[in-house]
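Pasting the structures in now, so scroll down.
Across the two complexes that follow, chain A remains constant while its partner is chain B and subsequently chain C.
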Partner chain A sequence: MRRPRARRPWGAIAIFLGPTVVLYAAFTIYPVLVTFYNSLHTLRMDLGMLYEYVGLEHFREILTSDDVFWKAARNSLVWAVVAPIVDIPLALLLALTLHARVPFARVFRTVWFTPVLMSYPVVGVIWLWVYNYDWGIANLVLRAVGLGAYAQAWLASPLTALPALILVTTWMFAGFNMVVLLAAIHAIPSDYLEAASIDGARAWQRTLRIMVPLLRPTIVNLVILDFIGKMKQFALVWVMTRGGPMWGTETVATYVVKRAFEWKTLDLGYPSAIAVIWFVIIFGLSLGLTRVLQRREALEF
Partner chain B sequence: MPRRLARVLLLLPVLAYTAFSAGPYIWTAMMSLRTTEEIYRSHYAPPIPAHWAKFATAWNEFGYATYFKNSLIVAVASVLIVSLIGAMAGFAFGRRRYHFPLREPLFLLIFLSIMFPPQIMLLSLFQILVQYRLFNSLAGLTLVYVVTELPLTIYLLRAFFAQIPTELEEAARIDGCSDWAMFWRVMFPMALPAVATTVILNFIYFWNEFLYAVVFITQQKIRTLPLAIQFLVSDQYQDIGMLATGLMIATLPVLVLYLFLSEWFVKGMTAGAIKG
Partner chain C sequence: MRRRVHAWDVMILVMLAAWAVPYFWQVRTSFTPDTELLATGSVLPSAPTLLHYRAVAEKSVMPRALGNSVGVASLTTLLALALGLPAAYALARLPIPAKNLLLLVVIASTAFPQITTVSPLYLLLRALGLRDTWTALVLANTSFALPLLIWLLAGFIREIPIQLEEAAFLDGAGRLTVLRLVVLPLVAPGVASAALLTFLAAWNEFLFAYTFTATEASRTVPVALALFPGVFEIPWGDIAAASILASLPPVVIVIALQRWLVRGLVAGALKD
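Our next item is the complex of A and B:
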């Protein structure tokens, strides 16, 4: 007879956690440490990965004299701040609309969710066509409603290119956020809302005063997820604009890849330093954001 | 009566958003059945007659057969591996029996890495893959995919394993169940619904992944679909019709599955977003 908990089943632990620990150590922890190490060196790909120690020189250069980095950082930040402000309220509005028992709500939910299942290259190509000056849907609609004067090559101007890309990610993720919010709304006990309606609260009051505060934890979660997602944005830019025009849509992620593989410097150290800076900023801002947004006591139900 | 009216009025913004949401894809679907010549004559005409043969042409002559196969190999292999390893780890992290002193800190570390931006390991992984001759190989890409989705998979499955009652485990153990049999014969089958959500989440991620593919794959014949599309955009910028057909080939398998299993897809895709 084996007695459970007589001693620790180390053999089983090793079998179950072994693969994870090995993979995680070798391909997550080790690479992260290597990136930190590389950020203090120049690392020439053309010279057989020749290491040369430079200390904090890359960091000094990035923070004091790299204009492209600052443009990329600004674009990434704008994207990460604007996207949640647009996406989440829109998703909430859509969720509340469907919750109001619109006919065929299921069909609409299914359709709205679809874009998040497509890859960025697919979405990027479709939206390159949508934004086409001559025959894209965007200009077609403007011309149809008599705003033809505003029709333009959306991705060709540094002023409109970034907003145009932000709209694409909204198109991709609004339905996704909506579904998560809708699930949270359905989870609210109905007596909460009934109690409010007995008190004579009107429908919109009920929504604003009761539902939204109850949804707060979910909303905070989605905001942070959206924020982090946009701080990492790479693929859409790579397919649609390559960071142009004039760095107008360059993000930190695209700049890292460009500096590593397209720049003539052939140095992996400098882009590693950018990655380290951005890693620290994303971590810091996400933790800060979590703190600030969750400060008010989450309502329990 | 006014209530009913209000509901109908609500339909207007709902329909407007639906047009915004579905319009671009439907437009692409229409173009996928038309020749580029027809499209340039009128960009929004319906696909009459429908050129279904374009799908065969794209598949055979434009390399989509190869790209599709590459994507499928990487996605299926990665899903199988990450599901097995992730379930094993989730099981060991979730059950009291396997508790050991540094288990919770280890789990916390793995959990935190869900937040890591990929750039923090992108270039060093490139270096490592080159070193071990895994650069430019589907095996190398698979390895990286497994590692990137392992933390979230473990996190989701651990939550499931943790809430299975201990009585069940004890009963099985009295019947002489070994640890491995306990996992493989008892717990894993119970966890299948939870595993299914992670399978969907991970499959979509692997099928659509772009950043690692761009950096780790440079040979044409092992490109995955997202990578291939990026190159085809610049190579055949003019041939909109064929490109649209390609986009359909890249998306239709997932979207058709979604149509039949939409509840599962929604559950899978949102699994990572609900609790955090």
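Our next item is the complex of A and C:
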């Protein structure tokens, strides 16, 4: 239907796309390129940003002898793998529950969805109270039911701190995932489910065999979004534990920020190299994940 | 069947209760006098107090931070829409060379970790004399928000039948007129949801705000909250009151505009 155009409307393209390209180039692409460049140098901030070329030296040091980096990478990966496994099935369960016409569905949806709107520092502060040793709700409940022996400073032990933070992000994001899944469930044509029930399928069969497969594209996208989000985790850790105890909750993002702005190492090259490594890993893993998860995706409606 | 329904009901109530407990604790802490906080005997404060709210309103940086957050998030949303809407239209409708590659870059950049840009961006903004200003945060946030915004809007624009625009062209309208009078009204709901998402992202943004600000002149709510002063002991009650004030604006906005937000979320998560 489109009219053939003799030549490209360069004027219109420039006017419509130009300002965005300029802004994005200046404030995103340029900094990313600088980070790549910096990762091959040592930058002495104390000597007026003196650049010294070191080649791949930073990368060698990070990958072979930086224990903190490996701890941070392990924590970030654990978070990024565990969170979707917990979050998405839970969100699916919540969505299916609300879909089954329960009373006050609107209230439930709002209560579950609100945490994602409150920003990480607010959520972090709230959960500091939940985990507080003396008067936090977690320990109060344990003591009340006679399990006081298990009461502990949840964020002070390297064993419990990371799981405790992962639980916080589950609390924060389950509602978001649920709302998206709920909308996708509503988009399923009702004839599919009616046809199945005419064929004698029970409610749980309709859910498992028909709804879940039809929701697969949405689920895959949510898993990938969740994965990427957790790989980049910064603010919650910064507010709640600062990466402690003993690097038990250090993520790659918090480590980069510490090396760049807090440790006074006066070198921007090294954290830039960590950022580059992590950038490549996130891209590679999310592309791979997309490939694997979307392979069997043939259902269309 | 009856028993099953019963089990569902119980599960829902348990989940609801579990989800609401942290809010409840937040509200409870904000109304409890400091002296009573550590006494774990009662769940509710014996004498609820507004002292914490008064302290936050009168003596803390929170009112200033709320102003900064509203300003930065609103300006970010306006700038992102002003830039993103024409760009999305161009990507949806104009014969741009290497368009698919461009769209791929747009999608891929939503996976950018902020840590790859934050330190050069800091130096750039400092060189431009923009450190500790609203402008710095608006520019950085807008740039970061643009890929998702453009991607969403381009999707919405593609859903409009192109014949409407072609009819307007035949009547002699220019491209800007068509964008303003034909496209914009038709994608208004999509624009609203994209704007809402951008606003929320800017409101909640932490790393840029933490790094590029230095004083209360530009510190936003999340940063002010993270840096809440506790010189000798942590002022839990004040922090609770501040955190409630801090989360009210986005929560109210979203509950009021729920329909549009859900539309944007679904578009973002469903499309490939």
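Observations on the structure shown:
Operating definition for what follows: the second predicted complex is superposed on the first by the 290 of 301 C-alpha atoms of A that agree within 3 Å, B and C clash if a C-alpha of one lies under 4 Å from a C-alpha of the other, contacts with A are read in each partner's own complex, and residues count from 1 in each chain.
Note that a contact is a pair of C-beta atoms (placed from the backbone, for glycine too) under 8 Å apart; a residue touches a chain by one contact, two chains touch by 3 or more.
Treat the numbers as computed from the prediction; the structure is a model and nothing was measured.
For the composite obtained by overlaying on chain A, chain B and chain C cannot both be accommodated without a clash.
When both complexes are overlaid on chain A, the residue A:W154 reaches neither chain B nor chain C.
Of the two partner chains, both chain B and chain C are touched by A:L23.
By the document's definition of touching, both partners, chain B and chain C, reach A:F234.
Applying the stated contact rule after C-alpha superposition, one finds that A:A12 touches each of chain B and chain C. Judged by the document's definition of touching, chain A residues 2, 5, 8-9, 12-13, 15-17, 19-21, 23-24, 27-28, 30-32, 34-35, 38, 49, 94, 97, 100, 102, 108, 110-115, 117-122, 124-127, 129-130, 135, 137, 140, 171, 175-176, 179-180, 183-184, 218, 221-222, 225, 228, 231-232, 234-235, 238-239, 252-253, 256-257, 260-261, 268, 271-272, 275-276, 278-279, 282-283, 286 lie at the interface with chain B and also at the interface with chain C.
Residue ranges on chain C touching chain A, taken from their complex, read 8-9, 11-12, 15-16, 19-23, 25-26, 29, 37-38, 40, 83-84, 86-87, 89-91, 94-97, 108-109, 111-121, 123-124, 139-140, 142-144, 146-147, 150, 162-163, 166, 175-176, 200, 203-204, 206-207, 210-211, 221-223, 225-226, 236, 239-240, 243, 246-247, 250-251, 254-255, 258, 262, 265-266, 269-270, 272.
Residue ranges on chain A touching chain C, taken from their complex, read 1-3, 5, 8-9, 12-13, 15-17, 19-21, 23-24, 26-28, 30-32, 34-35, 38, 49, 94, 97, 100, 102, 108, 110-115, 117-122, 124-127, 129-130, 134-135, 137, 140, 171, 175-176, 179-180, 183-184, 187, 217-218, 221-222, 225, 228, 231-232, 234-235, 238-239, 252-253, 256-257, 260-261, 268, 271-272, 275-276, 278-279, 282-283, 286. Residue ranges on chain A touching chain B, taken from their complex, read 2, 4-5, 8-13, 15-17, 19-21, 23-24, 27-28, 30-32, 34-35, 38, 49, 94, 97-98, 100-103, 108, 110-122, 124-130, 135, 137, 140, 171, 174-176, 179-180, 183-184, 218, 221-222, 224-225, 228, 231-232, 234-235, 238-239, 252-253, 256-257, 260-261, 268, 271-272, 274-276, 278-279, 282-283, 286. Put simply, chain B touches chain A in their complex at residues 6-7, 10-11, 13-14, 17-18, 20-25, 27-28, 43-44, 85-86, 88-89, 91-93, 97-100, 106, 110, 113, 115-128, 143-144, 146-147, 150-151, 154, 170, 173, 179-180, 183, 204, 207-211, 214-215, 225-227, 229-230, 233, 240, 243, 247, 250-251, 254-255, 258-259, 262, 265-266, 269-270, 273-276.
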